[in-house]
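Just passing along the structure, written as structure tokens.
To keep things simple, chains are lettered A, B, C and D as they appear, and every chain counts its residues starting from 1.
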Amino acid sequence: MAIHKFHPKIYYNAFGTYTPVLRISDGDTVITSTVDNNGRDAADNQVTRPGNPLTGPFYIHGAEPGDTLAVHLEKLWPNRRIGRSSTVISPNVVDPEYVREMPPLEPRITAEWELDLERGTAMLIKPETNLGHFVLSLNPMLGCLGVAPPREQAISSATSGTHGGNMDYRGFVSGVTVYFPVFVEGALFFIGDGHAVQGDGEIIGTGIEVSFDVKFTVKLLKDKKITWPRAENKEYIMTVGNARPLDQALQHATTEMIRWLQADYGLKDRAAHILLGQCVEYDVGNVFDPAYTVVCKLKKRWMKAAV
Amino acid sequence: MAIHKFHPKIYYNAFGTYTPVLRISDGDTVITSTVDNNGRDAADNQVTRPGNPLTGPFYIHGAEPGDTLAVHLEKLWPNRRIGRSSTVISPNVVDPEYVREMPPLEPRITAEWELDLERGTAMLIKPETNLGHFVLSLNPMLGCLGVAPPREQAISSATSGTHGGNMDYRGFVSGVTVYFPVFVEGALFFIGDGHAVQGDGEIIGTGIEVSFDVKFTVKLLKDKKITWPRAENKEYIMTVGNARPLDQALQHATTEMIRWLQADYGLKDRAAHILLGQCVEYDVGNVFDPAYTVVCKLKKRWMKAAV
Amino acid sequence: MAIHKFHPKIYYNAFGTYTPVLRISDGDTVITSTVDNNGRDAADNQVTRPGNPLTGPFYIHGAEPGDTLAVHLEKLWPNRRIGRSSTVISPNVVDPEYVREMPPLEPRITAEWELDLERGTAMLIKPETNLGHFVLSLNPMLGCLGVAPPREQAISSATSGTHGGNMDYRGFVSGVTVYFPVFVEGALFFIGDGHAVQGDGEIIGTGIEVSFDVKFTVKLLKDKKITWPRAENKEYIMTVGNARPLDQALQHATTEMIRWLQADYGLKDRAAHILLGQCVEYDVGNVFDPAYTVVCKLKKRWMKAAV
Amino acid sequence: MAIHKFHPKIYYNAFGTYTPVLRISDGDTVITSTVDNNGRDAADNQVTRPGNPLTGPFYIHGAEPGDTLAVHLEKLWPNRRIGRSSTVISPNVVDPEYVREMPPLEPRITAEWELDLERGTAMLIKPETNLGHFVLSLNPMLGCLGVAPPREQAISSATSGTHGGNMDYRGFVSGVTVYFPVFVEGALFFIGDGHAVQGDGEIIGTGIEVSFDVKFTVKLLKDKKITWPRAENKEYIMTVGNARPLDQALQHATTEMIRWLQADYGLKDRAAHILLGQCVEYDVGNVFDPAYTVVCKLKKRWMKAAV
């Protein structure tokens, strides 16, 4: 259960079976960092090309296809004081006939936010708007989290799938454990695309983009097979579906939740259906990337009484 | 600002331009009741045919096409102790290839719930499951809320549209004000399909279905034109989109929210985009009915500072 | 088997349970006319308000819910020399990010076409384009065909459903028989929205819109239950699905085709699946209306050999 | 303009930036072969693992990102007498509530077809059905055609994208020229997944799968930038969109067609819109793979008159 301090030197723009940057063991902790979506680091220097550059891959000894990799996000925190965001809602998120009424794309205007890392706030500093003194609470989350995908694929960090990827779910914050199906030897775990704040759906195509310090701990669940990413925090268990349209993402997440309840919580027959029918919650991860993300959530308290 | 006690004698299974059951004025309050989705009343007697029977229509004096009708839901509360629900998740909510693994549809098994109206709880009493002592907190909401649709249509209370309808949104509870576009003289407001409890998406095709006592107050906003239903509570403003796939429902809701922020809150240029980008929240109303429902939400606190 | 000459005086803008304009019997033929989508008649006079005004409803004696109404389209033909169309592709048919590059909506430019009814051609006469001498062959079809919908609904002639409606399928031409489920006593059949020519999908929101002379013959199939509209011509049997997204319309049409092959053509077990797998064809009706239309087609020759 | 006879020894199951198996020049012709979807060759021997194994990649000298690769399919022809297909329609192609009525998945029954390569027919030889003497005309096509994708991705041969891939379009037959955007040096062209016959949509998840002999000629269009695959035969120009839902695939294909008409055929202003509005045709490639395929077609004759 070693603690590894890892300073990335190269970054990938896809989740694939690349040479590991670090080999770790079940139970180990990694302290590392991510650059922002544009490849800028803690000093706001451009250190790699844009497009959600990923830190990793981390090779986990003993991980094999058919296992599950659990990643506990110990701590996610911005490591610089300047964050940036887009300023126009994506045309795929509004009515097609409304697109002509949207602000023009050019000139590209980037919003800048000053992050107060002590107070935990982000303040809009440009462009000028009539939003007044616009200050948000930080909710640092990782947009990209995932493993090497199946079938020897390398899948862009702009999108997502069963391997995780660019899910842009604002529930992936410090304290959450995320589970991934292992498709290749060593699992090959990647992280990136930190957001200081993000609305549901990432509808402007960005959160408040910033470089992060990240501390995480891995745990290997041998011979534990899952189909889609799962997660849990103190209050909820969660399953994640990535697809278009949202309907299909929701189908994936819901199916994965039924499987989880039946296999691991022993909910027999119609019990999982009755429970989900009255208690399920859905969150929208992103509706911007090529694959959209829907999260199916259930409060853990409901399973406490299950016999 | 009269208070009308109205006991329904007939029920409609569609939102349409029917003869009003009661004529009321701007500011009036109505105390009435709804039967459950199957047409059973407070005494659990079948008083009309199944299929989301609606109480109404209520004619509001002075309402004309191009106005907005505001309905403040003063109080929604079950008026009997037995609630019923389905017990199998709808096949459109899971992966197509998983449907064959679902519980069979026949025999149709209906779950029964005992409602403790004093404590505000619902307890599953049949079928037997291994969920243990399964008790939920009541969250009484109306599945159906709406007005007569445009173009002389009569639209089934199984679905929804710009007129509202069967939106099955669990945020439509006591204390919320819902806004509808007025399409016909008198607006013709309808309510029905009370749920004691419901999960997001109404994924088993029902909430805990029960008859309700309902108290609401109407207010007419003359020459105020909206496109989709809107709502607000103490904390949030909300817009509603009804369509398939979910993507389109989300587009409708988001577009309506941008219009609202620009027209009524004076957010100019990109301000609404920047605000929504970091602060928007989405809820899933239903993913069961012919048209799905997505709610776009924004905390009112963000507009307080707007200049 | 009477022949009725019927000159419409009123038009409806929805498919609903309205007072019949004519009562006819099984086997009867009707010779009548339709106005164009904007309510203009054979003399190009505005005789009713715009929005796909419908001729009908025609009441068929003996038709009851659970029957099927067969309508043989004997002859569909424009009855004036001027046709009109839109000139901009609808924004929902192109990539969302491309909408900003589309021609502006205002000023609304209407194209005019001169129809040569003897030669069977349509020539673009305005606006000026660099398409050269642009002459198309007429393919007269009805955009709107259907019966009164179920549940006492009245559904706008802008959209479609199990009752048929505004399907905008360019296969609905002279010589085709279309089948509709009967939902109300008398079936209540409507027609309208003639197009002299139309591309797949009606992607500019119109065909070449023109008033029509129409001759059709009805036949009642008692106790024959279908779920979605069906059709046949000399070469094909066809089923129609109306929904969004296209995926769902295709699901409806395919399911209806499997049912047809199994029930009426005796294709047992996997025979219908094997046949459709290699021989099915799909046409896109419209991708413009609130509900899209997909047609599933199969050549009749394949069933000839079926035992 | 050399002619290369190439006998593949290795096969890839993804479109990616792999070491080329052959380097060819602009204008060269390649005579080669493909194995079937399950990795079986002309002798029906299993020579590689299943999952649409691809022949290639072929490196085209001088090809660079921003160019277009034209591939003329000179000749596609099955090279053995046994073809195989699935026998059950995929559950995503029927109504969700109909899936329970579908034939069971297990036991997996594979249909076998005897191909008469001289007469050009396929005859069903098992399982037994009541389809009678069921003989289809061959329409040999390639399910997989494409180049290495952008962003250093490797994308499974089970799906498709801007690089082409597993499009399963039954219009990709001998005599067609297909155009691909070049994303990497050398373009890296792949082929595979031959179907002797296939219905629209590949709704049972296979065509009649068989190994092929393939002859193709490449041509490089320098500094010619396209976004999605395009194609042409004697009668039509075609554009291809790959995405889910079908609506999005259709948006991609339509947008690409507008661009083509405006840039290469000089259709100015609204001319392309008016033309497509009345003359566009859509084909459904597949509705089975992770990304669906829609083809937008336009008869070349319409552009002949264009000034």
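One rule holds in what follows: a residue touches a chain if its C-beta (ideal position, glycine included) is under 8 Å from a C-beta of that chain, and two chains touch if they have at least 3 such contacts.
Keep in mind that this is a model prediction, so the values were computed, not measured.
Participant: With a Cα-based fit, what is the angle in degrees between subunit B and its identical partner subunit D, given to the nearest 5?
Facilitator: In degrees, rounded to 5: 180.
Participant: Which chain lies the greatest distance away from subunit D when centres are computed from Cα atoms alone?
Facilitator: Most distant chain from subunit D: B.
Participant: What is the distance, in whole Å, between the centres of subunit A and subunit C, each centre taken as the mean of its C-alpha atoms?
Facilitator: Computed value for the inter-centroid distance: 47 Å.
Participant: I'd like the Å distance between the centres of subunit A and subunit B, where a centre is the mean of that chain's Cα atoms.
Facilitator: Those two chain centres are 32 Å apart.
Participant: Can you tell me which residues of subunit A touch two or more of the remaining chains?
Facilitator: In subunit A, 92, 96, 244-245 touch at least two other chains.
Participant: Touching residues of subunit A toward subunit D in the complex: what are they?
Facilitator: Contacts found on subunit A: 13-14, 16, 51, 150-156, 158, 243-245, 248.
Participant: Quick check on the complex: what are the subunit C residues that touch subunit A?
Facilitator: 90-92, 96-97, 99-100, 102, 104-105, 245
Participant: Residues of subunit A touching subunit B in their complex?
Facilitator: Going through subunit A, the ones touching subunit B are 85-89, 92-96, 98, 103, 109, 111, 122, 124, 127, 129-134, 136, 197-204, 206-208, 244-247, 250-252, 254-255, 258, 266-271, 273-284, 287, 292, 302, 304-307.
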